[in-house]
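In what comes next, chain A is part of two complexes: it sits with chain B in the first one and with chain C in the second one.
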Partner chain A sequence: MRIAIVTTHPPSKGSLNEYAYHFVRFLKTKTEMVEEIILLLDELPEGQQYSPEQNQAQVPVRSVPCWQFNALDNSFRIRKAVREADPDIVLFNIQFASFGDKKVPATLGLLTPWLLKLDGQKVVVLLHNIMETVNLKSAGFGNNPILEAVIRLFGNIITRFILKADWVAVTIPKYVEILESKYGAQNVLLAPHGSFEEPTETAPSTMPGGKPTVMTFGKFGTYKTVDLLVEAHAVLLKKHPDMRLVIAGTDSPNAAGYLQGVRDRYSHVPNVEYTGYVAEGDVPRIFGEAWVVAFPYTSTTGSSGVLHQAGGYGKAVVLPNLGDFAELVLEEGYDAEFFEPTSADSLAASIAKVIDNPERQREIGLRNYAAANGLPITEVVDWYLIHFEELLKRK
Partner chain B sequence: MDIIKSSRDNLPVLQLKGRFDAHEVEPVNAWLAEHTGKGEARIIVNLEGMNFIDSTALSTLVRGLKNCRERNGDLHICSLQQPVRVIFELTRLDKAFDIFPTEEEAAKGF
Partner chain C sequence: MSLEINPTEQIIKIAAISLKGRLDAFEAPALRKTCDEYIANGFDHFVFDLTDVAMIDSAGLAVLVSVLKRARQKNGDVRLVWPREEAASRILKLTKFDQVFVSIEKSEIVPKGF
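Presenting the complex of A and B:
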């Protein structure tokens, strides 16, 4: 089969680019079932270009930049690109803000799966979040209750359009329940997120040594903010003056300038390192040096790729006491120390429970390693292929 | 988890009882590798006594199904109990696998 994937992908820094990178990395090894992969990507800034690694032994991958974050004509251009590529299946790797942080382009982009369905395409949407569980204020969309209510209403309407796809895959069981009970959907399926890392023969070091290092990884400024973490770091420095805080990643596309603001606000707090964008090759070192990986999220928009990555590196984690994360930890076998999402003292206490207790650090790290290796993304890709195959058998 | 290996109408049957999770996949993987690596792989997995399955265990069955179909065979599942049926429905793998009420029907289904 020939598969078109509407997604971001490195070197684009758009959200879900990492997930796409790893998904495609394994999808292109499935030569027995896949003939070609066509990536329908967001356009890169001038001077940059996509150059997918081609390997004769793998499925050929073609990159077609055909949409832009916040552009109004994305639906039109993606449909045109799909018509030209003529794939058997179109897979969307998206979340609610994939096509823009402005309401009109975000909405228009999210209508694309439905429009492609009207065009006669087989369409599968991997939806990383659902409107019902997004804290709009934290995600940068709603600033007053009336506006938030209006956005939620539109969100519900858009969800109904997304559900016109053949399949809508989500990564958390609760999302299946919500979409089935609220929208009466019969085409939603649970697909595990999967681990990005390939299983290794021996578990990586859960105890890296060196200075105590807390690391957070992601795109920051909307629901992933680091203010609380820097404040917790300041608390912890009183006991651990050599402790490092590594903030790895960039601003969220929806929150340009956020990290510079944090630098300015907390310039008096020592031992805070900002890495900027982390290239794939540097990811193992960044995770490897961490004693604990922190998730200073104020709300969640789905299963966390970073949690799976942290597990793959055998890392202890501290997580906010939010429903989705707690569920994920329980259902996928992860372990963590939890903190109250609005309290720097609570976050500092959770980090201290890990760095002051090597046994607990090791215990969480090994458990997370086992959980992350339980289901590598290569196996999740097989699930999708089985579903695609079943879909293609339909008239 | 208890594993019972048998055959019906010359088709290999694997019966799994109890809890099937990440810690129990190795012997199932070995059995699947043995029976999906040659000829036209047609096998039956009987889940009559199974009361729990996790995503890793499901993945093991998906891999088995994929390997069978690559050899123009199939993996039939039978005798699902309610807690496990719910998981198959949640993941929509009930649409991907051919699932039969009994082992006899699973054998006749080839």
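Presenting the complex of A and C:
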């Protein structure tokens, strides 16, 4: 089959780029089922271009830049690109703000799956978040209750349009249940996130040695903030004066300048390292040095790729006591120490439970490694392909 | 005119695997190893009896789907005897693999009349 994927992809720094990178990395190995992959990508800034790298032993991949963040004509251009590519299946790898952080372009972009369905295409949407569980304030949208209510109303309407796709895949079981019960949808399925790392025979080091190192990884400033973590670090330094806090990643596109503000506010707290953007090749080292990976999130918007990465590296994690994370732990077999999402003392106590107890650190790390290895993304890709095959059998 | 005899033989190797307990991230590797051995020995049809499975998580389901994929590549298939426990059938329904796997009754595992 020939598959078109509407997505971001490195070197674009748009959200979900990393998920797309790993998804495509494995999809192109499925030569027995896939003939061609056409990536319908966001356009890169002037002077950059998508790498045309091809491997003869793999499925050919063609990059077609055809949309822009916050552009109004994305639906039109994507439909045109799909008509020209004429794929068997169109897969969207999106979340609610994929096509823009302004309401009109974001909305218009999200109508594209429905429009393609009207065009007669087979359409599958991988929707990484749903409006019902997004904390709009902490996600950077909506500062007053009336505006929030309006955004939610539009979110509900857009969700109904997204549900016109043949299948809507979500990464968290609760999302399936919400979409089925609230919208009466019968075409929603769970496709777990999967671990980015390839399974290995032996677990990587859960106990890396060196100075105690707490690491957090992501794009920060909206629902992923590090203020609480720096405050928890300050508490922990009293007992562990050599402890390092590594803040790996950049500002969220919706929160430019956030990390510089954190640097300024907490310049008096020692042993805090800011890595900036982490290139793919540096990811193993960044995770490898960590004793514990912290998730100082105030809300979640979908399954956490970072949690699956941490599992792949056999790392202990501390998670906020939020519903989505608790469910992930239950459904996918992860283990963690939990903390109250608004309390630095609670976060510090959870980190201490790992740092001060090597046996617990090892236990969580091994369990997370087993969970991550249990469902690598290469197998998640197979799940999609099996559902695609079933879909193509339908008239 | 002498009798013309044209026998045809069709050997289908079916592995019927009955499971009891939790099929989760910790237990899944053992099942995967067992299935790998069957596949290496030419089996391309599988029946998993999940009647007494207490719980299946995504890693457990991944083993069943992996066997399905490999069986289909050899023109085989996988059938399931449906689990009694909701904690075991939940992941099959959520992932819509209940619409992909063919389910059979426990009594159908072994063909009758032989």
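Following the convention adopted for this analysis, the second predicted complex is superposed on the first by the 394 of 395 C-alpha atoms of A that agree within 3 Å, B and C clash if a C-alpha of one lies under 4 Å from a C-alpha of the other, contacts with A are read in each partner's own complex, and residues count from 1 in each chain.
Quick note on the criterion: a residue touches a chain if its C-beta (ideal position, glycine included) is under 8 Å from a C-beta of that chain, and two chains touch if they have at least 3 such contacts.
Note that the structure is predicted; figures quoted are calculated from it, not measured.
K.L.:
Is this a clash or a fit when chain B and chain C both end up on chain A?
P.N.:
By the criteria stated at the top, chain C and chain B clash after superposition.
K.L.:
Which of the two partners, first being chain B and second being chain C, lies in contact with A:387: first, second, both, or neither?
P.N.:
Both partners.
K.L.:
Is A:370 contacted by the first partner chain B, the second partner chain C, both or neither?
P.N.:
The answer is both, since A:370 touches chain B and chain C.
K.L.:
First (chain B), second (chain C), both or neither: which does A:190 touch?
P.N.:
Once the two structures are laid over each other on A, A:190 reaches both partners.
K.L.:
Quick check on the superposed pair: does A:379 touch chain B, chain C, both, or neither? Answer first, second, both or neither.
P.N.:
In the superposition, A:379 contacts both chain B and chain C.
K.L.:
For A:242, is the partner it touches chain B (first), chain C (second), both, or none of the two (neither)?
P.N.:
It touches nothing on chain B or chain C.
K.L.:
Which chain A residues lie in the overlap of the chain B contact set and the chain C contact set?
P.N.:
Shared contact residues on chain A: 32, 167, 173, 176, 189-192, 332-333, 370, 374-375, 379, 382-383, 385-387, 390.
K.L.:
Which residues, counting only chain C, touch chain A once they are in their complex?
P.N.:
Interface residues on chain C, with respect to chain A: 24-26, 28-29, 57-60, 62, 65-66, 68-69, 73, 90-91, 94-97, 99-100.
K.L.:
Which chain B residues qualify as touching chain A in the complex?
P.N.:
By the definition above, chain B touches chain A via 22, 54-56, 59, 62-63, 65-66, 69-70, 90-93, 95-96.
K.L.:
Given the complex with chain B, which residues does chain A contribute to the contact?
P.N.:
Those residues of chain A that touch chain B are 32-33, 167, 173, 176, 189-192, 332-333, 370, 374-375, 379-380, 382-383, 385-387, 389-390.
K.L.:
Would you tell me which residues of chain A are touching chain C in their complex?
P.N.:
So the residues of chain A in touch with chain C come to 32, 167, 173, 176, 189-192, 331-333, 367, 370-371, 373-375, 379, 382-383, 385-387, 390.
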